[in-house]
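What follows is chain A paired twice: with chain B in the first complex and chain C in the second.
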Partner chain A sequence: MAVRALAWLAERSATPVYIACGQDGDAMAARLAQVPAISLQHSIRHAAILLVAGPYRDADRPALRRLHDQLPHPRATVWWGAVPLAEAQDAVTIAQGDHPVARLRRLDRNLLRGERASEPDWLPDEPPNEWRGKGDHGQGGEGMMGGVPYGRPMAMMGEEMRDALMLDAMTITIGPFLRTLPPGLSLELTLQGDVIQQARVVTPAYPASGGASEPLLRAARMLESLGLPDLARRAQISAMRDSAEGLLAAARRCGALLALPAELADVRARLEAALRGGTAPDPGEEWLVDRLAGMEWQSALLRIASFDPATLAQIAPAAEPDEDEEDGDEKERAA
Partner chain B sequence: MGALANLILAMAVGAALLLPMLWWPMQLGGASGQSQQVPFLGGGSQSAHAWQRFHIRYYPMTLLFIAFEMEMMFMYPWAVVYVETGIKALAEMGMFLSILGVGIVYAWREGVFRWQ
Partner chain C sequence: MTAIPLVFALLAAGIWFAAIAERFASARRFPSAIVLAPLWQAARLLSQQRVRTEYPDALNWALAPLVYGALAVAGLSVVPFAPGLVVAPLDTGIVLWGACEALTIVAVFLHGWSANSMLPLIGGYRFVAIGLPAMLLSMFVLIAAALPAQSLAVGAIVESQRSMWNMVRQPLGLPLFLLLGLAISLRGPMDYGDASDLSGGTAAEVSGPHRLAWGIARLAMLTAFAAMGASVFLGGYLGPWLPGPAWLALKTAALLLVLTWLGCNLARMPAPRMMAALWLVLLPLSFLDLVIAGVEALL
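Our next item is the complex of A and B:
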């Protein structure tokens, strides 16, 4: 009874959607920003439907599979202007030019009523890395330091950039479908606390499609990172209407520009230019990864989001694979 | 007898509330698979365990706060006896505060109050 009441209420609320942006996915997401019946989520764990918008690269397939399996049940995937993966059974596809709102609403309702079965996992239900520990709990025999439980090393100490304290560094890969990053960009970051020690580009951002709305969409992403979702939505709607009128004044009133500290003056200049519908010139000589080293998480996300696609393509090309990895591959091939 | 009946009633109500909470996750089926336990990184994955130590940067400031909070605790009983003890109590508290003041000056010089 209670469950039915919850389902009844859920049917009447906005459909929670996580949008995985492919090529031009940003502009497609902006089309959904105007629709109150759809609520675009920042985490896949808050969504019921994964919406793959725009064509994606072959290199992004594993990330897409991981993303799908993190969706909570009951769940579904919609392919909007994208080719479904082979694993997707009974795939819901929508042409890039069509508007997906009606389909998304119907799908959400069917999922909640149990008329459509929740999608099974696309990846096998096993740990992402194999068990390689020595002890009962995979501790590796070196106490808290070292060991490789589940095939992943424990965080080890490294020099801290700010005050040279030896503390643990952790390496993660973010993207290519993280909404706060430009679509397609995937970075490998070594973090100590919230400070980026080292960065590497895994996959570059999708190339610019040359749309006139790009600066406003970029401004929307930055405003979202600044914690101004309503203003971000307004920027997205302005992008769809190709008019940046009043947007800069509204951002000034909200204090969006003042919220950026002096060390992010370049980001402030780019945000101001983007809100005007233009692009601030960037010398583009220093690599993105060098610009990120030593930055705090939030500032780094803002700086990444502030680059226009042309500059990003110039300063953040895909990194050469590590020499060790190359050696490993050669050995594998020789074997 | 009345107490026992109340206890049994309370346990029954507790079980009625708790059992559905235990039963509910089981109904979701597959919700606790390996893929669902991985942190959300926008399609990325982590290459080291998240169990790690990092520096709490507000730590020296917290220590300082606790020290001065304790000082305030000493001042309450002092305020009670101040009137009858008179100038001697004032001198003693003056000495106590000046020693702590030296601590503040030292901490200031070390940059404890600079927010990092």
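Our next item is the complex of A and C:
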């Protein structure tokens, strides 16, 4: 009785969805921006439904599986213009041209009422790699630090690049489905605190999507990283209507341009151009990974999000794998 | 002891009001009955699984929202609802509030650290870096507000505003204090702990009832802060016609609206720029506020 009452109340709230954008997924996500019944989440842990929007690459399959298994129960996956993975039982598919809101709402309601079973894990509940530490308790690093036990890099002291202090360094992989990154882009970052010491492109971003509305979709991603979700949603809606009217003035009022320091003047110029619906050209002479070294987290995400797809394809191609990197070395989870 | 039910009533009403104001400010008017939307959201989170990361510090992870919420209650305990109507009538009420502010850093850091995950951890220590100068800012403006009362008791500070509110007497005080409110409730331009660029920061890995508890604790701290701000700068329970608790509730609601609006409509600077702004601009401004209050007290 109590469970049924809880479900009755819960199904009246907006459906929390995590959208994993494939090719053209960005523009598809924008179609959901003006639907109050759907709430797009920044963390997979906050969602009930994983919405895979647009075709994805074979290389993204492992990340998609890991992403799925982080969804809390009761959970479901919807394939919107995407081919379901073999693991997906009783897959819900929606054609790319169709609007998914009604199906998402119905699925959410069925999950809450227990009329549809929550999806099981797609990956076995075991470490993704074998134990590769040295000794009974050693993990392959020094003392209690460093090494890559089970393929996951542990923190290890290293010189901080700005002041040479010895601080913990940690390597993680982000993307290819992180909402604040261009869809498809996956980066391996070595961080000390929130400062990037080293970066490597794991998978490049998907080619341009969204057509003429691409600059506004890009602006929306930057506004999200600036802590302006409402303005970002407005930019997405404007992208769907092909009109950037009033966006730049609204961004100015919110201090979006003022918030960017002089070191990020390039980002500011690109944001301003994107809010006008255009693109500020970049010479594309320096690799993305070189432009990220020494940047703190939010600034780095803003800089990455500011590049138009053509420039990004030029400055952030997939890196050659390290020679000492073994096959199947899956480091930190994606997204 | 009638003040104890008043504390919890103000907290509950403030949490509800702030949750509605957030939805209204963000123009997400779904469902149409916006007043009940927080209840529906709470039911959803209660229906969801509470996930567990790999090897979390489970005890501290569970304790963090409780500590955060308890700090809000403790802070509110020194706020008077009417002359003599206060849970903890301390002569050093402002000091207790300052301790609650400072310990918020511990609660938020614990929340980020305990998840054993990278993004929450970054959220945790980024909050520590920004939280510390923001607390200093608050200490100076609160001391400045205490000067006309010549007392650190919140009741005395309220009584000192019978002729003029501190908001008018010390115009720099309230704007600077509001920045701290945004910081300790992890909101908008000062949200360095639970920010969207970190996929939710310290809350990136939480779901279900845990996320509900954290959300309630954040709103409780926001409410406690608004009540303290109303008492220290807007004359608290003072006002004609209505009883003291009603005036305090109205002024608290007004500050909640201001904080919600600021949270939704101001961009968040990258952390180094905010650090520079805090240490180089805002802290000197808080000194200036203190100097103005000191000169006025001498005259």
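Following the convention adopted for this analysis, the second predicted complex is superposed on the first by the 294 of 335 C-alpha atoms of A that agree within 3 Å, B and C clash if a C-alpha of one lies under 4 Å from a C-alpha of the other, contacts with A are read in each partner's own complex, and residues count from 1 in each chain.
Rule of thumb we're sticking to: a residue touches a chain if its C-beta (ideal position, glycine included) is under 8 Å from a C-beta of that chain, and two chains touch if they have at least 3 such contacts.
A quick note: this is a predicted structure, and the numbers were derived from the prediction, not measured.
Contacts of A:D121 after superposition on the shared chain: chain B is touched, whereas chain C is not. With both structures placed on the common chain, the touch criterion links A:L167 to chain B but leaves chain C unconnected. Shared-chain residue A:Q70: touches chain B and chain C both. By the document's definition of touching, neither partner reaches A:G278: not chain B, not chain C. When the two complexes are overlaid on their common chain A, residue A:G193 makes contact with chain B and with chain C alike. When the shared chain is aligned, chain B and chain C each come close enough to touch A:R179. Once the two complexes are overlaid on the shared chain, A:L226 sits against chain C while remaining clear of chain B. Once the two complexes are laid over each other on the shared chain, residue contacts for A:R45 go to chain B and to chain C alike.
Residues 43, 45, 70, 72-73, 170, 172, 178-179, 193 of chain A lie in contact with chain B in one complex and with chain C in the other. Chain A contributes residues 20, 43-45, 60, 63-64, 66-67, 69-70, 72-73, 120-121, 123, 125-128, 144, 149-150, 152-156, 160, 162-163, 165, 167-179, 181, 186, 188, 192-193, 202 to its touches with chain B in the complex.
If you check the complex, the residues on chain C that touch chain A are 25-31, 36-37, 39-41, 43-44, 46-51, 118, 122, 125-126, 188-189, 191, 195-200, 203-208, 211, 264-273.
Within the complex formed with chain C, the residues of chain A that make contact are 3, 6-7, 9-10, 12-14, 16, 36-37, 39, 42-43, 45-46, 48, 70, 72-74, 112, 170, 172, 178-180, 191, 193-194, 224-230, 253-256, 258-261, 264, 296-299, 301-302, 332, 335. Contact residues on chain B toward chain A in their complex (touch as defined above): 28-31, 33-36, 38, 40-55, 57, 116.
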